[in-house]
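Notes for the one structure printed next.
Each chain carries a letter (A, B, C and D) given by its place in the written order, and its residues are counted from 1.
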């Protein structure tokens, strides 16, 4: 396995929709503890909308598919998740405009652009207890593995491991961004819902491409 | 024992105040089941007011003492209980104006006037599931016992027994007057709070006079 | 008990103190005996007074002001006020036009207001007591004391208040209008949760997570039926149809007769609603139901009324006659004619209802 | 879940349908994307628009009308609306005077409104986004995203809405006024009970019978502290002192700069309250607390303000910015000057706030 096809991307999005539907209550419960109990509901609503829109762009290039995903999320998720995941997928799409297949390096650029989109929009730093805590280490692990000569599936596997670690590492943190920040010290001891959905999305990517 | 003194009456009212304070929650619970959960609170508030006013009329005649009691209840109990018990004591007082002692017959007139005051004000009939169901049989038992030659304490004892029976007989009844009537059939199976407070008041009279 | 209270015994007094501080430009409060009164009373106007147990806020105190009530007598929570309150309030705001009492049909309210009516008339202040008994959840009137006074009270206070203020109606004409509003208004309510009287400290009844009470009054009392929880649409249909399809309702009322100088009893009959009727619709929160849910109910009510040929010409959506923090909803429909509608639209300025000024 | 709802997913839409049916003379509703708009928009007036998650009713939709908001964008319950809603609403009510967005400081609201601000300005419609961040329960601003927008939002919408309607302010002057209101307003809230998001079906947090949450926001989220239940006076004191004794508060805000055609960031500082200040006081129900309890709170608030040398010159007591059926109270104090007070007193006609017309 050394290329990512358009079919992979479509399949990935479909898998994400399914995984988020399955984890709707779990994500919402995480958000209830330190937020406002809607993250799972929001993400599920968003990817339901993505599924509706996907049919119209299935045959288009990967850039169009991902930008369409971003627009669908932007206009249906709302909350913090909407602009953040909207930016993530739109920037991801803009990084691969016109392409129908991606090399591992191109996927790396896509991922980097995606994460940068989230950071530009939300201004969160590592350790602020947000989705950035899962996304940024994940992209870095992916890039590093490729640089060190690892293959696509090794890179994706390490990416997911880093995302999982980043997600779990949010537990002791005191939130600095997002709703959880209003809780101050009380936000510590809970896993961040956004970091959790980010982990699930990256995990679905690895599983789609590499099984 | 064949006369009722002013001291008896004052003592009776004090005992009623105490008994109603003790039964405040019980009466309120009965009212919660088929009314609005305030009968015990109302009666306790009323007799607290009576106690305040009593000092000013302790040395007056029985008529004045009872009319003052009625006025105090009227301006402090509210609800249905206020005008009804207000009328009961005012009519009782008016039946014995100027008297400092009562014969058993005079007490009978007092009781009859008292009950009539309740009926005139509230228009309830026997079986409507109200305080009348305790009061009316009680007065009739008292009058009958005297007519048959019974002494005061026998008459009072039979009065209390009749009140108790009347009170308990309200349980299966469907209410026709008062708040409980809004419940229709659902009012059956519960003892009427007003009949219960009436029983307690009459019982206190017997116990004050005869022990 | 989850409430913003201090000592439960002080609840009503402290609420009144808050109202006095908040609305001192418009209203005053007398504490011994308790009543809320309008500060500036126009000479010659009939004084419109109501009262009842506390716990139904904003009714009645929140409706004292210009173009509605001139005084309100609050009892303890869910306990009718005492006759001396209505008597003193009447004397305070009487401005030469006499006094109209608006009385909700509960034995306590009826008896206490009757006594006050006697007292004021004996004092030479012409006073008429008009009843509100609009709750269709109560069926029988022949042997019982009939229907409770609920939502129509709010509408009556607005309409009759406007006629006294802006229409310059005299006492008898005002009583006629009040009676007309009463026979044309019908209500029914339901509860999702019970409520807690502060001095009692615990809920007046228990209700399972999947249950609701249909046909409640406004005193935290259980309703006519306990049923499995239903959807907003089903509940709305249940209440609306009970109101719209209610047949003629006849009862005997007892009012003070100014000419005879004593009580008179007479029959009144509510005419059923007819297709083509124009109505004011109130969707009222029982206290703890937020306005978002009321709009969900209104949406369905509007649909049902259309289907039944009733046109909603005005509406009132919010918490106007409540049972403390109870969650639930009450629907009131009042058939209007030109006179009623004209008076509804007149300006009103009270703490809880305000438009046109 | 004890609510008047049908399918939870339909809750917001059905509420909007109810509002449209109830207030069709004043407002219209667009469903795709969702926004509530004022029906008749005066030419040249700045369009004042707000929005946020649903569940805070009557805010914001209930404040659309004359002299307050021109449009409101409701998201799902407790979820910020999406940029296309604000963008379309802006295009709909823009009448040549540009658009002012009133944005509560939550990451979701801020980001979605920022995107809409960019889109409208790119479209040639001058648009400024002004923040409300008034919740003193949140202390730190240096490393976090700062204070939440809560009660001051309601007051700002009234005041800024009046300046746009009656004062004919242009966009920049209106934004200046909005900023002035924000730095002079402070709030703090508490909850006696949690609330239930319809689609979630169960309460967002659990609270024991003897506990309360202090320093809550408006999204059913837990507060800063959980404490043993206290009396109304103690709670009022806790909230009022936190507000009155709050020190200067500085944060960086990001607004669209019309001249530069891009974003600018700058610092804003809230001046602390001073003896002698005149204030508007809002005592707000979180949704399920009845008005009677609010008056008990107001009574104590009035006393505390007097003691601290603050004069309450106007008040607003009721449910204006809520968290569904949550029981609890929020206090807001806004220091006023002549300009703010003049605009407060101007007529307003919306479904939920009305006076002078």
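Everything below uses one rule, namely that contacts are C-beta pairs under 8 Å (C-beta built on N, C-alpha and C of every residue); 3 or more make two chains touch, one makes a residue touch a chain.
Just so it is clear, the model here is predicted, and its values are computed rather than measured.
Visitor: Averaging each chain's C-alpha atoms to get its centre, pick out the one most distant from subunit A.
Guide: Farthest by centroid: B.
Visitor: Approximately how many whole Å separate the CA-defined centres of subunit A and subunit C?
Guide: Taking the mean C-alpha position of each chain, the two centres sit 56 Å apart.
Visitor: Counting only Cα atoms for the centres, state how far subunit B is from subunit C in Å.
Guide: Those two chain centres are 32 Å apart.
Visitor: Once you find the CA centre of subunit A and the CA centre of subunit B, what distance in Å lies between them?
Guide: Once rounded, the distance between the two centres reads 76 Å.
Visitor: Using the contact definition from the top, classify how the chains connect: line, ring, star, complete or other.
Guide: Basically the chains just string along in a line.
Visitor: Can you list every touching chain pair?
Guide: So, checking each combination of chains, I get A-D, B-C, C-D as the touching pairs.
Visitor: Could you please specify the touching residues of subunit B with respect to subunit C in the complex?
Guide: Those in contact with subunit C are residues 28, 32-38, 41-42, 45, 74-84, 121-122, 175-179, 181-184, 186.
Visitor: Which bits of subunit C are touching subunit B when the two form their complex?
Guide: 33, 53, 75-84, 106-108, 111-112, 114-115, 135, 137-140, 143-145, 148, 197, 199-200, 204-205, 217, 219-222, 224
Visitor: Within their complex, state which residues of subunit C touch subunit D.
Guide: 2-6, 11, 14-19, 21-22, 54-55, 57-58, 62, 192-193, 209, 212, 229, 231-233, 235, 287-299, 302, 315, 317, 319, 322, 324-325, 327, 329, 349, 351-352, 354-357
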